[in-house]
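Common to both upcoming complexes is chain A, partnered first by chain B, then by chain C.
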Partner chain A sequence: MADTPAVASIAIPVAPAAVPSAPRRPFPRVLQLMWRERTARLALLFLAVLLVAAIAAPWLAPFDPARLLDTSAGAEAPSVAHWFGTDVSSRDVLSRMLFGSRISLAIATFSAVLASGLGLLYGGAAGFVGGRVDGVMMRLVDALLAIPRLLLLLTVLALWGSVGVRSLVMILALTGWFGVARLARVEASSLRRRDFVVAARALGATPWRVFVRHVLPHASAPVLVATTIAIGQVIVLEAGLSYLGYGVPQPTPTWGNIIRDGRDSIATAWWLTLFPGLALVGTALAVNTIADRLRAVLNPRQLPAP
Partner chain B sequence: MARSSEIGSVHLGVTAFLLRRLLQGVAIIFTVATITFVLVHAAPGGPFAGQLDDARFTPAMREALIRRYGLDQPLPTQYVRYMGRLARGDLDVSLAQQRPVRTILAETIPRSLLLMSVALLLGFALGIVAGALQAARRDSWLDRQVGRISVALAALPDFWLALTLLLVFAVRLRWFPVSGMVDDALHEYLSPVGRLRDIAWHLTLPAATMALIIAAVVARFQRQALLDVMPDDFIRSARAKGATERSIVLHHALRNALLPTITLFGMALPALVGGSVFIEYIFAWPGMGRAAVEALGARDYPVVLGTTLVSSVLVVIGSLVADLLAAAVDPRLRHG
Partner chain C sequence: MTDPLLRVEHLRTYFHTASGIARAVDDVSFSIARGETLGVVGESGCGKSVTALSLLRLIQAPGRIEEGSHIWFEGRDLLTLGAEEIRQVRGNRIAMIFQEPMTALNPVFTVGDQIAEVARVHTDISRKGARERAVEMLSLVGIPAPRERAGQYPHQMSGGMRQRVLIAMALILNPALLIADEPTTALDVTIQAQILELLARVQQEFGTAILLITHDLGVVAEAASRVVVMYGGQVVEEAPVRTLFAEPAHPYTKGLMQAMPRVGMQRERLATIPGSVPPPTAWPTGCRFRDRCSYAWPRCEAEAPLLVPLGPVHAARCHLAEGDHPPPRDTTREVSPL
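This part shows the complex of A and B:
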């Protein structure tokens, strides 16, 4: 449910004729415009800190995330030694969360980028070819979008059995490209008849060149926003799958796995649910905020005149 | 167009519109079924990998399984048989429970629908009220606070919100039961009214979890939709007529702003059904989603597959309902 706004915003097709060509702002300018708003600034800072923490996890983590510190003690409440407490197997939760952020962020980023690439290629091809092929290709996307993603994932996991991190990234990417395909298709099919594309083709440009030089840059703005939203969705989705016990296999620490470790002792060891959950909420909130702001920055009609 | 045929054409418009949507829905379900067939056969080792490798399965049993499902037939034949079985509503037999998947779903779907419909009603009601309040007092302290809360709520992972509410209201405060749909020990002995109250009591937390997230999303949409129609001419006329701001929002703007929210409902359905899986699992609500998760643990793929298929059908029906509602609210869609 947390991904509902994203679903809606991806799925609403923009009227092709009315869309002005996406402005091609240089990246530093985009960052500068994002930085102007306070909440976006906070979100960027939060993600930057998280990224640094994830990269520097081996140096920052006070304990070895896999070490069973005191097997007789069980889960210990937060203390000076263990800021976020220890889990049922007596492992330091803060250290596990630091290492977990690496896995969570990496899985989400890789699979969201991969999914967007797939969607761009598929939707771009459909919109570009047009006609009956386009119709058939997009009806397939309609059907894929009608299957709740979580259930599609559960079906794949039930059939394939347990999966490793790499397969999980692949499965998440393969179930995440449908929305982007729709976006890319709208852009590509509206460009197909535009004069400059017709001219490029008349000059002998291959379809691939036209796609890379003309379609891709025009589709980049909405796809960038959709990818950002997808990163937030996948972080939450992966945590959910891990919670159910079908995400990244134990004992690899991920935020979802830590919450799962605490599911039987939720009444006593609340810190196992609270801290990784807050990390999830903060990250999802930051990513959504950035996506919102990115949408405004990339669509100049929504910004007040400078 | 001649005036005499106008009424007829309006009717034709609605019927044609509905018929087209219905056909699209059937096509989508057909495609979903095909996708599941491909998934099952693309899985490593085929549909019964787990069972066929199991040492407890004698060669004769393996043989029987292969013959029963026609796994020795060419793929197109298998496909036709698979689709034929689905068309008859035969969803195969659960591997773990040894009973038809159809029976399991017939038991669990009504419970899931109960949970989802209560959550939807609550969520939409709360969201529309919150969004209308925000729009009526635009840029006020209230608008900003409600806006902040809904952004934060919409970002909450559903399973984590469920766990948190469970921890606070069921485990700590003991206001609500921790799990299940009825009190196992007492339910049989309660009066009909008592039984309903028992179910409502168990329903509160799972439904509230879903409703809160739905409301957060709806409120954001509703606020924006209301603000979008506020500059329109008909609002200006109402204001010129001397209508109060309150009556403008309630009577004039809300009706016109309902459309994006209804569209949102249609589009949010897949995520809603997916989210209900977590809620049902955490609160042990004995619905379809929990059945799917339990089946997953046993690698009981017919149940998971049946759930996925039926959920997609629910999604398609839901978007049809959304289309109907949209047509009911907006005459332009009916006549267009």
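This part shows the complex of A and C:
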């Protein structure tokens, strides 16, 4: 409606005013608003390219990521044949990074989404029910938040021994929902007293229905932003764990694993750590930029008039 | 008269707060017949809205409906029903519309969706059937192009239109009683008249009883047949609307009448009732209105007045109503224009 001429507002409306535009669909609208800012545009493009590369890795990768190309050669510097060089075991770094991006991104996305869903339900329920239940549920979250996440993860993973990708996602999700729970709780508990929630109860909606239809959708905007931030965090966290040797077990390429491979030869074979490191930093930066813009776009007070 | 549709007996809703017990509704009794409109008037904080919420048991902690209260409706005491049974009453037999049409609709769903939801909560109607009903209801409450409007979001509608949507939601299951809590307060005067007209029409068509809560005596005069005046969590006067306006018996009601502007009035300023409503945690002893009453005499402090019948359908909670009139205290409150 931004393009309605200003005169329209002072014109006398004819009895049933023209029915305004069709219902806006939220997703394209959010994307469109995000696109308006240059840094967000760059971040979206970066992530889109990365996503396509990850999905198309089997076709894009010039070599088999696990193949030892020339066991006698050792690490080779970037060249026309190997854009990002090869590692100590003579595997193509670009191919390993392409395949690694699949696992790194998948772990980050799934665990962040899972953690946020868990947090949204837990915190939303606590805030919605309120009273003593809320108190007990949130003190538990406070207690869990007091333990540093990396320490918790290292302890669990060290006790576990080696873990597969799926268990890692689960463990990351189970240690990542506390913050989101707090966020969702604040939203839900303020929503509980809103007029339309009372109205829904007055018209006989079940508590579950009120929760799912009238509380959760409103709590989900800040949670969506938190999820995006969490994806960036988990990408770095997973790389850190892999680097320390507690992440995805070795032959599988992840960005963290590739950096770990190059750890000992960082002085001589810089390309082993530089390229995956750049990918890591770039992705984390892009995701955070998007989260920032998403926060602005989803906040109705900062939204330009629709 | 046969059994009334709703009979509230000794309703007491207290809020147990850290700063003491707030007796928001304190021993309120009234009844509504089928198809009747009962107006409940009083200023902010007199307990009107808490009474309305109590009827549907929507009072949240720290509020509580105390023992000894009864809400008889269609042969059952609503206060003895289980959570599921009272949920079946809400929206189905007793519906409610709220003061703020701007905030009583969920901004993320279309209005058609929200009207249909009420039907789907209580009946086995299909998604499509409910949708059709919603469109019918929109047209019934006088919204032009109902099919297009059903697909719109609340923010695309004006306040008056949203109040119509809320009325459609409340009436879709044809409830026996409609509680309207300040339904016109947030609207401007022309829209207000339209909404009152709509309520009257709906009442004639469906025989719905209406509990009309308002602070606006003009609205009461227009829409209600009987009136309950509340002050300090109690009923202070009850009368048919004509009687109330012709011969108000309680000093509070008289004050309200004098505070009302009249066409052709010459005075510069309206009369006011001095002071304000005391907090519900600290009602004065004796009569709750005595601090602000120009007729107050020692008995008002010593003894709380009872609701005294003045006729078959008229009653007032005042010692004056018992017959012995002391001379009124001299309180000429006319403020000279500056």
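By definition in this document, the second predicted complex is superposed on the first by the 276 of 306 C-alpha atoms of A that agree within 3 Å, B and C clash if a C-alpha of one lies under 4 Å from a C-alpha of the other, contacts with A are read in each partner's own complex, and residues count from 1 in each chain.
Here, contacts are C-beta pairs under 8 Å (C-beta built on N, C-alpha and C of every residue); 3 or more make two chains touch, one makes a residue touch a chain.
Since the structure is predicted, the reported quantities are computational estimates derived from the model, not experimental observations.
*Asks:* Pick one for A:Arg201: touches chain B only (first), chain C only (second), both, or neither.
*Replies:* In the superposed model, A:Arg201 contacts chain C only, not chain B.
*Asks:* Can A:Gly131 be said to touch chain B (first), chain C (second), both, or neither?
*Replies:* A:Gly131 contacts chain C only, not chain B.
*Asks:* State whether A:Arg209 touches chain B only (first), chain C only (second), both chains, or neither.
*Replies:* second
*Asks:* Between chain B and chain C, whom does A:Val236 touch in the aligned arrangement: first, second, both, or neither?
*Replies:* The first partner, chain B, only.
*Asks:* Could you tell me if A:Pro217 is touching chain B, chain C, both of them or neither one (first, second, both, neither)?
*Replies:* A:Pro217 contacts chain C only, not chain B.
*Asks:* Between chain B and chain C, pick out the one touching the greater number of residues of chain A.
*Replies:* Counted on chain A, the partner with more touching residues turns out to be B.
*Asks:* Touching A:Ala66 in the superposition: chain B (first), chain C (second), both, neither?
*Replies:* neither
*Asks:* Just to be sure I follow: which residues of chain A are touched by chain B in one complex and then by chain C in the other one?
*Replies:* none
*Asks:* Report the residues of chain A in contact with chain C in the complex, numbered from low to high.
*Replies:* Of all residues in chain A, those touching chain C are 15-16, 19-20, 22-24, 130-131, 193-196, 198-206, 209, 213-214, 217-218.
*Asks:* Help me check something: in the complex, which residues belonging to chain C touch chain A?
*Replies:* Going through chain C, the ones touching chain A are 56, 58, 60-61, 87-92, 95-96, 98, 100, 103-110, 117-118, 121-122, 144-145, 148-149, 151-153, 156, 166, 169-170.
*Asks:* Applying the document's contact rule, which stretches of chain B touch chain A when the two form their complex?
*Replies:* Touch residues, chain B against chain A: 24, 27-29, 31-32, 35-36, 39-40, 43-44, 47, 49-50, 151-152, 154-160, 163-164, 166-167, 171-172, 210, 213-214, 217, 220-221, 263-264, 267-268, 270-275, 277-278, 281, 292-293, 295-297, 299-301, 304-305, 307-308, 311-312, 315-316, 319.
*Asks:* Going by the contact rule at the top, pick out the chain A residues touching chain B in the complex.
*Replies:* 1-5, 7-8, 11-12, 139-140, 142-152, 154-161, 232, 236, 239-240, 243-246, 259, 263, 266-267, 270, 273-274, 277, 280-281, 284-285, 288-289
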